[in-house]
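What follows is a set of structures for review.
Look for chain A in each of the two complexes below; its partner is chain B in the first and chain C in the second.
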Partner chain A sequence: MPRVNVRLHGVFSDFAGGARSTTVDASTVGTAIDALAQRFPSLRERLRDEHGRLREHIGVFARGEEIQHAGGESQAVADGDTVHIVPAMSGGG
Partner chain B sequence: MPTYRDYFAELKERIKEATPQQVDAILRSEDVQLGDVREKNEWDEGHIPGAVHVPKSYLEQWAEDRLPNKDKLTVLYCAGGVRSAMAADTLAKLGYTNVLSMAGGFNRWKDSGFRWAKPESLTADQAQRYSRHLLIPEVGEAGQHKLLKSKALLIGAGGLGSPAAFYLAAAGVGTLGIVDSDVVDATNLQRQILHSTERIGEPKADSAKATLEAINPDVTVIPYKERLTSENIDRIIGDYDVVIDGADNFPTRYLLNDASIKWRKPVVHGSIYRFEGQVTVFKPFEGPCYRCLFHQPPPPELAPSCAEAGVLGVLPGVIGTIQANEALKLLLGIGEPLVGRYLLFDALDATFREVRLRRDPECPVCGEHPTITEYIDYEGFCASPGEWLAEHAAKAEQKVAAPAD
Partner chain C sequence: MAKGVAILVGTRKGAYVFRATGARKRWKLEGPYFGAEPVYHVAFDPRDGSSLYAAVNSAFGGPRIEVSRDLGKTWKTAQNPAFDEPALTFKRTWHIEAGHASQPKVVWAGTEPAGLFRSDDRGMTWTHVPSLRAHATEHEWSPGAGGEGLHSITLDPTDPKRISIGISVAGVYDSADGGRTWTIANRGTRTVMPVPKEVQHHRCVHHLVAHPTVPGVRAQQNHVGTYWGANGGWREISAGLPSDFGFAMALHPGDAETAFVFPLAVPERLAPEPGAAVWRTRDAGKSWKRLAGGLPRGARLEVLREGMSTDRLDPAGVYFGSTTGDLWASADEGKSWSLVAEYLPQILSVGTATLA
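Our next item is the complex of A and B:
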């Protein structure tokens, strides 16, 4: 199983005990997110809605592309790839 | 001992010349590099449209910047045809393969009735103030004029708006609109560098105006001491060439997005959280918009403001200056703006990461079949986006089911 880096941007790291990145075993973006949610249960409902769909206010990127334009959650990931989970931020300082 | 006359006669043997009539025909039919080798005071009195200024005194140093293609036909002119003949000889020594000198120069060109233009010129003070811009070929005097005539609208005179406005004013962007309904508070001063201790309690838009006009008297600052709303945004946004989004709330960001699509205004987006910042350029119909990226705003617990979550004081400085950089590029029409490129900065790692953004064909505002075609209740949408969208869809269906008579 490929070892994949997951980078938690912005507020998401607060729901992962302050972890800003972690490594999971996963072959697709979707399974990487599930592995992440298993490790940090507080993230589960912040990432997926009651139907299990990714929430609409999150940008998920793998291999430099937003996954909604590159195969969605079934997009394959390889050893060493990084999945970025990016929240919409409103802060203007 | 050869005389000047001998030297020049021998030089003329080596170079090629063309009459103004021939040059006019060439300019109309071929892709050429046209260089004016006269001095600045002569250039300022008028030149051939499309020419670049490469004064003979700087020819060797500037030629490769301003006449970049050594194999392209290059036409040079001066006032009477002497300096351009010498310049043509110099360019040949620098490796230019196809250079023509215009015989009779600009004087004969004008006397023959061909077109010419007198450029707007900077004042002596402006030439000094913007001298470092004038030295850059991509800006130069024409670019500086463009900036002086440009209008940039800043949403927010806070953390992001402060550095962005500072650099746009210093650069000579002629009109800066500042939308901010807040007053300066002591807690702002750790990062909002437009303001100062003695201005606590003053409207931020007025404080920004005082600071920016003190930096550069060429700049007119228009303060809008109001919150951006569906009612006032059309009045405000229409006059501006570019918008810098430093808003501190989602309703304003979604409203600005929808208005920017309506008015086709590029938005330089910036947002920050503690140690992280995001920057991109939303250029309507050429790249994605904010809704293509984030279909809905997050619930409040996932979107704390800087007041709730805190922010490293310097972070908006980094992101706001990148916003100013993008705005200047857009105004000048140079470089590769961050259209479709999402730049993610992490101050703790000191890393920049870039990911690609694409237009969403199903975007409700800029997609193939837009469903949001007028301003909406942004507060309601952001408070409960799922509910709002369901109601909106139901209303749209009712309209389809029961068309007006």
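Our next item is the complex of A and C:
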């Protein structure tokens, strides 16, 4: 299983008690997010809704691309890749 | 814990707590809590005298409920309310209500989409009450301008099985069996749009309130009209008010015929000329008095549905917060007003904690 870095930005670091990065075993972006939520249970409901869908206003980047423009959560990740969890630059309130 | 009153203020950017002694003259700020996150409601639990429940509806990380056991000094995140139906996703919490005195661990929450949730552990976990959305009218509920929210929850002070809720746009629904079954309770209220006479839902209740100690006493501010509960239905009490539109309403804790409203002119949804005023009835809506002593003349403030509250002292304190971030207090039942705070973020809710 590839070892993947996950970096938490903005409020997602706050929700994880201040952690900014961690390393998880994952083969896709989705499994990396799930592994992250397992490590930081306080992140689980901040990242996904009650049906397991990724929440709105979250930007997830892997291999230099936002995943919604690539393979979504099923996008494969390789050893040493970094997944970034970023508060989406949206809204304006 | 000092005796006195705490004003619990939810704003577009965080929650604020203002504390004072029973004289209610000098207010000390605590907070803000939850940084830049919108807080739709902060509810006090009078049963333990120290719990607060905050409806934090953040865009980033989604909605959540925060619970404090020390009047806001520290907070713990609850497990989210969750819908089973895939078509429904918990979007925000509109209102949190401490349960009946005989059920010290029960807390209720109203959400968007319109759902009623029950906690049996003082707010830390939540269970959907599916019977409400199983009501035969559910497929005709529709969102108001603020969304399809269950924004009001009231309890009968003597019978824990009697619960009422308000949904925009659907109306008031009552349960007499602890939330197992629901009946429409809109008789006597008008509709915004014409509907067939037999349609008893599709009512735009804006805020439903019930007296904390006298069973059966309740009132509502509606999109079209202000109403007093009467004979199982509603009696319109808009006559004598400058507008039949508004959001905020509060009942007097000691006098079951006294209520306060903050009418808004339409279409602008601001206090009508000559400016901000609370209107008070002392006879269950038969007559109204305009109360503006100390309020800024000409200021056409706007107050939202959770934006006004009373405390439990005698004389009763009345409080309201405006969308322009001004928090006002009256320690003499509305006769005179003083500014507690200004330049707060947009105020979404004003609650109170009367501290023994």
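Throughout what follows, the second predicted complex is superposed on the first by the 87 of 93 C-alpha atoms of A that agree within 3 Å, B and C clash if a C-alpha of one lies under 4 Å from a C-alpha of the other, contacts with A are read in each partner's own complex, and residues count from 1 in each chain.
Note that in this section a contact is a pair of C-beta atoms (placed from the backbone, for glycine too) under 8 Å apart; a residue touches a chain by one contact, two chains touch by 3 or more.
All of these numbers come straight from a predicted model, not from anything done at the bench.
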Once the shared chain is lined up, is A:66 touching chain B (first), chain C (second), both, or neither of them?
-> first
Of the partners chain B and chain C, which touch A:45 in the superposed model: first, second, both, neither?
-> second
With the two structures laid over each other on chain A, which partner does A:89 touch: chain B (first), chain C (second), both, or neither?
-> first
Partner chain in contact with A:53 - chain B first, chain C second, else both or neither | second
Figure out whether A:9 sits in contact with chain B (first) or chain C (second), or with both, or with neither.
-> first
For chain A, which residues belong to both interfaces, chain B and chain C?
-> 10-11, 46, 55-58, 87-88, 90-91, 93
Could you please specify the touching residues of chain C with respect to chain A in the complex?
-> 12, 38, 58-62, 64, 77, 79-80, 82-83, 86, 89-90
In the complex, chain A residues that touch chain B | 9-11, 20, 46, 55-59, 61, 64-66, 68-69, 84, 86-93
In the complex with chain C, residue positions of chain A that touch it | 10-12, 15, 42, 45-47, 49-51, 53, 55-58, 87-88, 90-91, 93
Which part of chain B faces chain A closely enough to touch in the complex?
-> 155-156, 158-162, 191-192, 245-250, 253, 270-274, 276, 278, 293-298, 302-306, 309, 311, 315-316, 320, 342, 344, 346, 348, 353-358, 360, 385
